[in-house]
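These notes concern the structure reproduced below.
Every chain is named by a letter (A, B, C and D) in the order it is written, and numbering of its residues begins at 1.
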Amino acid sequence: MSSVFDYSGLLNEVVQECRKHAERGQLPSYIPELKKADPQMAGVAMMTARGLFEAGDTRQNFTLQSISKVFSLLVALERRGVEVVFAKVGSEPTGDSFNSIVKLETSEQKPLNPMINAGAIAVCSLIPGASVEERFSLISGLLESILDRPIEIDEAVYLSEKETGHRNRALAYFLKDINGLEGDVEEVLDLYFRQCSILVNCADLARIGMFLAAKGINGAGTPIVSANAVRLVSTFMVTCGMYNGSGEFAIQVGIPAKSGISGGILGVVPGQYGLATYGPALDRKGNSVVGISMLRRLSDVLDFSIF
Amino acid sequence: MSSVFDYSGLLNEVVQECRKHAERGQLPSYIPELKKADPQMAGVAMMTARGLFEAGDTRQNFTLQSISKVFSLLVALERRGVEVVFAKVGSEPTGDSFNSIVKLETSEQKPLNPMINAGAIAVCSLIPGASVEERFSLISGLLESILDRPIEIDEAVYLSEKETGHRNRALAYFLKDINGLEGDVEEVLDLYFRQCSILVNCADLARIGMFLAAKGINGAGTPIVSANAVRLVSTFMVTCGMYNGSGEFAIQVGIPAKSGISGGILGVVPGQYGLATYGPALDRKGNSVVGISMLRRLSDVLDFSIF
Amino acid sequence: MSSVFDYSGLLNEVVQECRKHAERGQLPSYIPELKKADPQMAGVAMMTARGLFEAGDTRQNFTLQSISKVFSLLVALERRGVEVVFAKVGSEPTGDSFNSIVKLETSEQKPLNPMINAGAIAVCSLIPGASVEERFSLISGLLESILDRPIEIDEAVYLSEKETGHRNRALAYFLKDINGLEGDVEEVLDLYFRQCSILVNCADLARIGMFLAAKGINGAGTPIVSANAVRLVSTFMVTCGMYNGSGEFAIQVGIPAKSGISGGILGVVPGQYGLATYGPALDRKGNSVVGISMLRRLSDVLDFSIF
Amino acid sequence: MSSVFDYSGLLNEVVQECRKHAERGQLPSYIPELKKADPQMAGVAMMTARGLFEAGDTRQNFTLQSISKVFSLLVALERRGVEVVFAKVGSEPTGDSFNSIVKLETSEQKPLNPMINAGAIAVCSLIPGASVEERFSLISGLLESILDRPIEIDEAVYLSEKETGHRNRALAYFLKDINGLEGDVEEVLDLYFRQCSILVNCADLARIGMFLAAKGINGAGTPIVSANAVRLVSTFMVTCGMYNGSGEFAIQVGIPAKSGISGGILGVVPGQYGLATYGPALDRKGNSVVGISMLRRLSDVLDFSIF
């Protein structure tokens, strides 16, 4: 635990030091729109009881991508209940990559957890509503309650993923085939691609992290989701939040976190801080190279690990 | 080799004897329309130089289903050439089931062979034409040249598969994702579902078998496809024609054959006969239980095995 | 957190309530000697700063089995260092079962983590020493420092596993083939079977849990292993300690824990308690049915979850 | 079919032309003793009713390796019967490599076929005899009846494989664990390593091929094994004789064949010839690069294909 009062210096130092690691990573190739990002960008933000500290490119907008899985899971747990959710999705980590389809066929015929793509698509299918718009408003509404501002999506990214998301479409139809997806496949995919396209920046993500660190209470002190749903989601963030790099991240950083292929990482130090990093170059497991190195550095200094 | 002049007695005896094995099989559950078949039906037909011999339900129409993979492969080989075809599909048997997706992810990222669903969908994408209708006319045209009659599809089965073919849709989008499918996914699937819905009976299939036994020459003595394309297709029928039951079938019957989940089997005794069986109850690998037992019996008596 | 001063009542109640769940489990079949256990047994112990609380069959001896993986990993980390260990074993959870060999072939050709059998055997091969006896004394010595009593093994179980441990032998030779095991295969297996056969009871395990909760300091206040090694091992206990049931256990109980197929579970509430349960009937993932139900119950009441 | 009377010219031409393909292959690395072979060697032999024709390095001795699987399977089929053999081993080709262990765990828990290592080891365990020597004499005795000369093994290769055959040892213990191997594991492996070390040259192999082409009758006209056993083995040679390159070989060459990692290939043109090639450089599936190219060339000219 730390007794530092102003984290700005530390955060600046960390950005300085870690930005260079971008060269070890690559921009994702499978979503054309994401290839336009600047791989040199690096930002880190930290929301604490004493306010927001930040350094680097923390006001650069990017799309949530897989980080959105956290919010649709919260909505599904609150609206449909734990039992309904776990009937469609498991709770086990997997040694396979985030978009793998193998285990759907060889194991228990439901996605191993809600943090891999197949599981997140199954969770999306559980979000109630008469239309995609209505369902989406439950997810965007949650984020609006946390951030106290309107939510927008990046239309170009949304359309790009909708058109080229063949692998996710394959996962969705496979799920439909094994009775793992409620409702119309294309509508569920539409919802999934929309949530992936929600725009945020590091400052936003740090606030969201603090909301989770505070067990579901927003900055105004209002409880938005139940502490139990936050606990469940935080647990998944530890065991599966960084795809098949989660085990190593637990060893090296030791906090609930969720990454997205746009280069963002959302981190939570329970009861203490919200964290966010940005850096678009990814390692081969799909996690931000600069983001992970910044979080490792911070965890070494501030002793984040919950273990 | 046999010196029998009239096979009718033998065929009648075989139908009699094998019809009871239907109870060991089941109607397929994944295509709703196919569940309407009568599992007690059994038919066998044999086309020889001396004419057609038949016994049992040989005039009952059924849809080609996977047997159609033989014809789209012939068309693709003739129209696009061996190299183009084998750039998109392998030539190895697989120990996995016909609709498996696992190997697409874990092996060389192209379907192992053109007789599993993924491979057949990839082959369909290679058939040239400005529209689905134009492409389909190449496949139906081939069958019309062999059978000398117009080809029809079962509209109800076609629409049923098109609506509920989630697994095939998953395979097709997965292929698209790994650059294994030319053109528009839904159009390719449309073509695939159409060819699966072509109506034939055992007498037709036996004629088709004879056409293959004669290396691509039809009943009127006209060469329709090249001997080399027939040889390639016959080889695939031996190594992969009965899905992951092909090895056992090679041991027990020993001829090029292709089964479909509607219960038909097309067989070829090179240079000698065309064979066809019908029996809608399937074993767990997707092959007709009665059909296989009839072919085993015939192979024991007439010594079909090419090995 | 709890303000209760005497946990005896709670523990008794929990044993009473959960013992009946034994009927949902089964004794393991693959180690003949373990089939002799009484599936009705149930015990729970809790070591706190105020002393040991216990209920049920807490003085029944059983063999450590997979719980021993915790101790050989501690020894390997302390003696060989983090880098040497992670060169031979990964840090990712797996969706496969504890004795699976598949991922060794299909993934990165090293065991995914040190808590599955393949990984634990690889770790055993890293323990230094001129003979099996010398290597074993490092593991038993660690336990003696924690428990302040001599360590014994169950000779019958040791010999039974040594003779019938074909799957572990397969894993070890596979590792040798992929350069994943140092030294002589049979010697490494001998060490592995010995550590699996170490005898403990629930009271011992609770003390060991407290030692881990105290970051490596034993009951006499002596630091035995480094806090960093304890942190690493605790992290693995969370992500992979309950085999491919670890994710669900994290959701339901939320503490570092390690199970063994003899029916024991070692639990750690960091900074607070050591926990131990015993109940030989296992679920299909290899974890004690009664043990898990007792830990879930305790976590509900005492709010153990670290998430 | 060919009307050529003397094949010597053709064979010389083929060796000349194909020897250069050796550069596309590699010597196997996993059996140290085999790395000593000269990758430039190339030989081809053809046994016909009119006698033996040969070209290149046809008198160079090499070890049978996987080609020996043909003979232990013949012995097991003759001595134990079809049912006993197929209770321990399947008859399906596999898309996996020859030493893969994956399918043992994920599929029906018996080796998919007797031509992959796991299956061949299971078959070895079925060969009767009071000692390894006695069992081995059944295999060597079969070869002596065919070749009419004493059989020897390469002691250095035998000892090298026995010491370093970790992967085969892993397969054998895995089989033992799933009840797929009769008797003592190390004895079965000893028998397997001995049969792999039997010394032959191309001239021998061509004679053996003719024996199979003649349905089990040796050069002196004596029936040595039943025609049915030969048919079964020939079928396996087509569907699985070239490992996971069998499908492509069937397309390109079209005859029963079996390769070994020492660089030999045994081929059979049923009713006509025995064929043998030698060339130690292997493709990545474990088949001789030069051997396959020579057989393709011969099949193009002499139209071998049985399809």
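Quick note on the criterion: a contact is a pair of C-beta atoms (placed from the backbone, for glycine too) under 8 Å apart; a residue touches a chain by one contact, two chains touch by 3 or more.
Small disclaimer: the values here were computed from a predicted structure and weren't measured.
**Student:** List every chain that touches both subunit A and subunit C.
**Tutor:** none
**Student:** Quick one: point me to the chain whose Cα centre is farthest from that of subunit B.
**Tutor:** Between subunit B and every other chain, the largest centroid distance is to C.
**Student:** Centroid of subunit A to centroid of subunit B, CA atoms only: how many Å?
**Tutor:** So the centre of subunit A lies 47 Å away from the centre of subunit B.
**Student:** So how far apart, in whole Å, are subunit B and subunit C when each is placed at the average of its C-alpha atoms?
**Tutor:** Roughly 54 Å, centre to centre.
**Student:** Indicate the whole-number Å distance between the mean C-alpha point of subunit B and the mean C-alpha point of subunit D.
**Tutor:** The separation of the two C-alpha centroids amounts to 32 Å.
**Student:** Residues of subunit A touching 2+ other chains?
**Tutor:** 106, in rising order.
**Student:** Pairs of chains that touch, anyone?
**Tutor:** Going through each pair of chains, those in contact are A-B, A-C, B-D, C-D.
**Student:** Per the contact definition, I'd like the list of subunit A residues that touch subunit B in the complex.
**Tutor:** 30, 100-102, 104-106, 166-167, 169-174, 176-177, 185
**Student:** Using the touch definition from the top, list the residues of subunit D that touch subunit B in their complex.
**Tutor:** 90-96, 103, 107, 112-113, 231-232, 234-236, 238-240, 244-248, 250-251, 254, 256, 270, 305-307
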